[in-house]
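Residue numbering begins at 1 within each chain, and the chains themselves are lettered A, B and C in the order written.
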């Protein structure tokens, strides 16, 4: 069993009292806090208490109702919490701007499921994001070694993409498992009807995945139309399990207007008793924006129980040429041309 | 049984563990998502994923404690969620301005109940709002056909009324059922003590209702003092049930300063097996603000279970003269003088 | 048993279904609403519905997991709610500025507990704040008579302290009970790594407490570094129980830059059946900021059950010299030089 399983929330099923005995709502969440020591070329170092070093802190409600005849309804509302400050998360109501009142902005979906798969509406991960999570990347998108550092888009030409993780106003179709194959397609509109006559903020994307016993491969692409320059995200991920080891490879490209960044990652996870050693190495090539860079990340996660783990990770990002754009997750950005950024973190992650 | 019953949240009673066996808190909510196709004269049409087409998405906690001697304490905190974006709702801390941090702004009340009725404090529906809900109107205040389009006030002379739905800082008295009669009176102050010496934002209102086996009638009026022009809302509603049919009538008036809008609605709901057909026709007359208008709304709700339903609705609003003020719920406002606005929606509503 | 015990939230343990039978999450909260009649010299009086007259309204999730070998993990996320408006609370992400999105800003902590005590990270009460609560002060920090009126800092020289109650980004160590003695030390950084190279917003503080059967004494001090002038808070509290009576004494000092305020409080609480009479008298001396003042507060709390109580309190604050800085909790600030502020409140407090 891999560690990525352990990072899932262990929800508590609260069985309904009274007549609707089949009803249930699950109250669930994750709390993650740690300490980060961050350094960068040309900048004074900082030691700080941080949130989400291993897994994103969250709380949520979800439930599934059996409607008979193989049909099920599932709702899911889940919000981010910064454990270091108690602050809630942000959303984007139009997939263009960021707004602060994102109470359940990690996910707010309602779906109908059956033999045909699932039709799901609301705010949810885009198909392209799924390849950046722990489904492929050893560090997912958390902590100093997170995939977001080199696999997220770089704002350019007035466009700050908002759909590299989630899209609001979406409708998606997820196929069932078809002999190991599965697909996920999503369409999301820009937001309020006030935006009539413009496609600014509209997302369309798809992901195709294949899963065998010890092997997975998946490819995804998505495009968001922006008045200031469209955003396209594409990626391919693969994992291979050999006994206690899991190898992973991720390729990703982000195009914002006429600019482009491409990254390649090779990763490994290795189970040792209740612990997992992790490492990832990523190279990034940039065109028309930012600079080339490489990232090395190593880490260790030790399970105290199914719900609680201690973790540590170290990562270093090297900017190439005279670039200073990239840094480790939660870290400091260098000011010295071609400088590097590094971070060492320790923390606790607890699921409830 | 009518469909309006089905739109109530099916809460899950979580019985307390341990000694306080009589204690309980109920975690409850509704999730509603759909698709809207909106059109309007002179404007490009829009298709979008929408929230709350049938019932307002919400989550909340509530509980009742038996204090003995017929006395009970009841708390209720409930907040809005935009299921399409995960965003939380808004409140008005002074009944004058809108503010974003309305976590439990749908309702936050604490009441003491007994044979005498209930004394309830906090943020709650105004007595006048209750006649606009599904208690009278076939579409309540949700979706393309919602009552708010022609029964809500039109801002005028610097006054944007905030008390047509709820009031903050309120204290209310609700009588018990007295042979079919009941009354609800509310007083709400403007907010913080900082507003000393001014009545700006103070609300006073009352509702009187009578309920027989197949017949209900209710009348309500409320006044909010604003420095820029007082706001008065009055309405009368009646419903009559004949077998599978329910007929409804609603009259409402909103005065903002020296301006006024008056609306009349006739509606019908008809049960067919697990479904309900709905229709409503409304005419509006405006004085000193906006323009006259009419609205037609038809819809159908199909229950998949006690908790889950599919729905569809179509509505059209015609602006009279050269007016362009009114549109269907969630829809587009026409730009052509005297133009119309229409919307067709499909969706799923799920209670938990 | 004292009334201060009753003001604790009565949480509901929700036992996990299925295999993790030792797991549990507790959903808990308090709702408090009342009416305040406020008066002040030179200002028109105000009557208003208020929140938190006896206890701060809140809702939260918490849980403890037994990790074996005496080790436990505990998470706690808790947010403020204004019951009069449904609004959420505020936080300070950097211990410098206030920000609105404080969903769980009352407390968001994750701790590891054992025989060694507890290591706790996140946003939490500062050690110094604990002496201002009902642990020492008869009125705690709620209502017209609350300790915050004369024991909180006065902003000066550009510094508005944010750590007199809580600190974000904190790591703390709490000793176990060592023969009646206990200690609490806390360090908190200023926030994001963006603040590299500055100590602006960094907090360090400690509290030492001793508890015998009928006697408690505790002393605490904390310092927060601010670019505009450091903030130091120190206090000493003692309580003594004699049958139905509890006597209390509190000394506190707040230094903001070169200014300083010092306050002394003597208090008494007296149990009569299901009720408690409370009184507190405080004098304040100010240097370089604001003015001297005195505060008298009297109150009565009547328990209807373990979870619900009615309360009333009256308080008067006299400003000395030509000062107008101080007022009663939630009250009006006088405009007449040397004027006074008074408030009378009635309310209901309900725990769930």
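Following the convention adopted for this analysis, contacts are C-beta pairs under 8 Å (C-beta built on N, C-alpha and C of every residue); 3 or more make two chains touch, one makes a residue touch a chain.
Just so it is clear, the model here is predicted, and its values are computed rather than measured.
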Cα superposition of chain B onto its copy chain C, rotation angle rounded to the nearest 5 degrees, comes out at 120
For the copies chain A and chain C, the interface residues, called same if over half of the numbers are used by both and different if under half, are different
Taking each chain's centre as the mean of its CA atoms, chain A sits from chain C at a distance in Å of 38
Expected list for chain C, residues touching two or more other chains, is 14, 27, 79, 88, 100-101, 103
In the complex, the residues of chain B that touch chain C are 14, 16-18, 20, 23-25, 27, 61, 63, 65, 67-68, 71, 73, 75, 77, 79, 88, 91-93, 99-110, 112, 121-123, 168-171, 188-193, 195-197
Residue positions on chain A within touch of chain C in the complex are 10, 12-15, 27, 29, 31-36, 38, 40, 43-49, 59, 79, 81-88, 100-101, 103, 304-308, 330-332, 348, 350, 352
